[in-house]
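The structure is given below, and queries will be raised subsequently.
Chain lettering (A, B, C and D) follows the sequence in which the chains are written, and residue indices restart at 1 in each chain.
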């Protein structure tokens, strides 16, 4: 059965005054129907741009699709016109954004914003649409939704607003929901509740989710498969379980090492030195060379870029010897 | 809500009081009295006139009498510009003209300004944007007493599309040139403010959310962005009306529009105190009302303000 | 407006074209009239409108300046020494509301105009009438005592008493007086007997010392004077019009007799001025007392007149429309259906409106546009001589300007032909103070000679202007003549600056002699040289030069007593010669009236007084 | 809060840029941004040229005396002798435009300074003090804000103008300078006072907003905890940070004030002869448009270009000093 979403060698470049920024530089990724696929990486690794480009939400200019395909249920999203893409947006694929405080229109009531997808895609109006919206609110756990639906966003807390975003995304029963760091802006306790709601609804509706985060713990909690991105490219991808037990790429291993939850009491915390390279001036060979302390930096490729290879069934990793070399200690 | 209205009413009265006092003493401080004339007015006649109009009483008494009359709504009689005529009668004929011109100017300025601003914001950094902004900048920098005569010369005399001066209440063609001259400055300001407001809003996250819902671009702009984008220009509506009202003083003299602006200038030249006081109070109350309306629209636009006001 | 809609913007019918069809004359009239009561206004724009709704004893002639056309009076005659005039009124004269117009209306009008409590600014225009001035200035002492033949003391002596009030500070007060008496004494002296109220008069009657009298007035006479004044005050200051025996009387409903204080052969020309128009007695009194100011009788809808037209609409600052008056005695010869006066102050806007087809005739034309109009639209341009002179007033009290030689040097330095070619475009170089009026030709004494001017200056002790202070030319609006004069006087070595003041301060500064030089002009009221010469007499409100010459005033008085016009003009020429030799005021140019005028307006001829009778005007495109 | 992804380049480049050549103060950062703004740079050069032309060149013989009249050479078209031709009195138009420019710019600058000082003080005190004082000051501003601005200024200048004579005498008596030196300034004083006294309203609101915002910041509490007196905190810590909006507003006030002076001159209430300003020249030009349109064209072009460049400079400064708010 072909995957629901099949991204092949996606390349998105931004033409700015400081030169061409290759934010997404050859990303391939598959999401099966009903699967929760995770994308993890530091900020600036291109994970959000990848997600946004699927729905054409990257402003062109300065952005430009430099190459690649994004097959979704048989059609390449990248080649659709604005009008055709609108048919998919909010109907077949919907998105949940990071900051609930700014993602809802402060000047419109919650009801209006919830009903809008129904108006656009199902031509529903008035009473019937309102009931669907109230049901959606109740499904995300908002008490006496019937009264509160007519309130304005500023009358809701951060957590409740994110629930509204979730309700809005699921109200048209899409096939795929892209969640771009949905809980990063929330404090921990509320984060738990929102993730709980997402997991419950995902199971009930069987919707595929593309979960984007920089928090490794979350990935393992939510996702079936994980793709690690660095400097606009995929460095490693595998099922969640495989990755947890045997990360091979130096960057992935570094991520796991620097996760505070994993470290025992009293021993020094490890963090990957330096910061990600400037996407406008990417190095020729392996992008992780300067920061590779867990592998063997000298062996990192310098002349050509490493490619993804399948070292085990369902487990791909960049074939850079330096990064694959085991750590000395 | 009523508390706000009451508070605004009080402030309005305070404004009118300040205006009345300021005008009274400023005019009285002018060195030449209203009773001088081109031909020498015999001294016994001037004494009689001063006695008749209470100019011989001490200043404070005159001021108190003046405030008393104003409180009762009597604006007094003009002493020079239209000697002996009740100011209320003069203004009754002149004020509707100025109001019509002012409203016509705003009717031209607001839609044109806002539309230009929205188009410029949507087509940001493209030819349309630069063109609109350049015209807007010109509109701000060109004084109305240059635009007026140029328009009059071009459209009035050469092309004879519109009359060059004068006024026919029911005939719109007389209003076009003065209203355009008067409204151009405000239209320019409004377009710049709308553009800034719209650009600001179009960058907000909820616009991206709206697009993610599959909403058509035109709806995204008009339904989602416009309400937020209008806040800066609406804040300017009050001062825009004030500028239009003040500007009418100049435009009315260029196009011979029989409004209170022209009356005001003539009254100043002859220190005709009652006829200065009338327009000043009218201008003042118009501006107080305009500011209040602008705030109401602001409240309607922005629910966040409504909840805590 | 008929014709295509505004949006398509195709060529619309201009107001002039539709007005031609309807027989309506569109007149640019400069300023919005302040009122339409002939007794309370002074401006030229008002006079234009008043001459359409009222008609005086004598009417203007469409083409002859000095032709006295019959008005309300069919004919008039005078006695040998031209002091007693009799006007025979038209039997069928009617007001526009049908009421008969009689001599009583004229007597009422002149009494109202002269009445002290009406405070009419233009009352002095009627001073030629016998005792008019005494009545207008409410000189009670003179009227109650001076004019009473049986009074024990002649006015020649009694008249020196302090009736009109003196400068309070100059009143000496004996040491013995306590504060109250000093204050009272000063107050009474400041007001003068004529203006004292009953209480003050009673106080003086009880304590004569409170008021200073000249010694020539015996105590008994003082008592009688104060007694009469007290009786008059206690009777509520009744009207003294009859007591003053003012020289105007209605012999019968259709015969008006006017007695003058001195012979005036040019009275018919003077009575054409709007201050001599009759006002409808019954309408004025219906709206209030005779002396109530601005009672609304002269508003649209209530104004009743006796002219060829009647007031129909008055929209402030927009237009005034007068329509034909069916009850006018000469209604048949009126060629227009209506006249519409547009108050357009800005001359450039007025020119633009005319060229855009919105006016038949304009009030004026900006000088800069004269050249262009001569090239482009000669058929519209009108340049006609006008009864006015532009001049430079000099303050003779100022150092340097007190010397006639310096003043004459200034006059010689001005090249009047150049000024008329570049600044006062269309005007005639002035050859004297009085322009050529009817048969009067003033002394031709003004010429340009820079060397003689410099010689005169040196002769006066200021070689090359050395020793003269710097002067300021006062002007009310930025007119190029002040810049030109600045440069001309600089050639003489005089340091001159320009000082512009707004209208009110400009007038006040001249009246209080707080200036060095001032740009000024004067428009004559009637067709006689005295309108230009009388003003330079001592104490005249429009003199403002601080100059006076007994010889000059003697000649004026002598001329006033000469019935024969030719002899009178000769005396006036001698008087003007003195004026131009002393040169307190430097005439620069004789006005021309420059305006735009459509050829289809007929019955409109050049007139020096520019008082075109509206009834003679026709429109045939 | 990460920046909306629409402009990813900024986060990467900016951070790395800062790291390598040591810290760059806010000012040098702003200046470099300003230098990149072509429109602002062109405006700067144009403004310096105009100021040089108006203030320095007239002292050199190449420009003729604006007061000299040549009645025969009236309304001459531009020629070698008169680059801009002559006006209706034969005076050299170029000289008059430059002299007029000097007064217009002078009026613009001085009046803006007057309104700046008043606006900044009242805004700062209101913003910093807060509470009743702030409420009171802002009510005053609201009341003044709804006055018919042009009307009051006309009254003010009519009054001040008629008393300048006494003022000039007073000053000459007091200081002993000769009258001709004092006259121009007292002549223009009513304009400075009239416009300046009423044009600080917007600025006071802007300053109040930024001071209020800054006053809430931690570094102010830190300063207060060190026991610094209020005025020191206000003028040494808060105001320098608020200088961004102030400078921006100042550059945008100058054109507004110059436009205002021109309107007053049009109504005959502004600059009085023998001094002239662009406003006076434009009015004369507009009146005489039928006979010689150049009288309107040249002063208008110079006046509008100056206003345009001031506006561009203002926008450029705002973008440079306050990048977040106006990224467009």
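Convention: a contact is a pair of C-beta atoms (placed from the backbone, for glycine too) under 8 Å apart; a residue touches a chain by one contact, two chains touch by 3 or more.
No experiment lies behind these values; they were computed from the predicted model shown.
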{"item": "Chain at the geometric heart of the assembly (C-alpha centres)", "value": "B"}
{"item": "Identity of the chain that, by mean CA position, is farthest from chain C", "value": "A"}
{"item": "More contacts between chains, B-D or A-B", "value": "B-D"}
{"item": "Cα-centroid distance, chain A relative to chain D, in whole angstrom", "value": "51"}
{"item": "Euclidean distance of C-alpha centroids - chain B vs chain D, Å", "value": "23"}
{"item": "Interchain centroid distance [CA atoms averaged], chain A/chain C, Å", "value": "94"}
{"item": "Junction residues of chain C - those touching two or more other chains", "value": "346, 348, 352, 502, 505"}
{"item": "Where chain B touches two or more other chains at once, by residue number", "value": "30-32, 149, 153, 205, 208, 253"}
{"item": "Of all residues in chain D, the ones touching two or more other chains", "value": "6, 158, 162, 287, 289-290"}
{"item": "Interfacial residue positions of chain C with respect to chain D in the complex", "value": "346, 348, 351-352, 366, 368-369, 371-372, 418, 421-423, 477-478, 480, 482-484, 486-487, 497-502, 505"}
{"item": "Of all residues in chain A, those that touch chain B in their complex", "value": "55, 57, 82, 85-91, 94-95, 97, 99, 102-108, 116-117, 120-121, 152, 154-155, 165, 168"}
{"item": "Complex contact set, residues of chain D against chain B", "value": "4, 6, 139, 142-143, 145-152, 154-156, 158-159, 162-163, 255, 259, 262-263, 266-267, 269, 279, 282-283, 286-287, 289-290, 296, 300, 303-304, 307-308, 311-312, 325-328"}
{"item": "Sites on chain B touched by chain D in the complex", "value": "11-12, 14-15, 18-19, 22-23, 26-27, 29-32, 124-125, 137-138, 140-146, 148-150, 153, 195-196, 199-200, 203, 205, 208, 238-239, 242-243, 245-247, 249-250, 253, 264-265, 268, 276, 279-280, 283-284, 287-288, 291"}
{"item": "Of chain B, residues touching chain A in the complex", "value": "204-206, 208-217, 223-224, 227-228, 301-304, 307"}
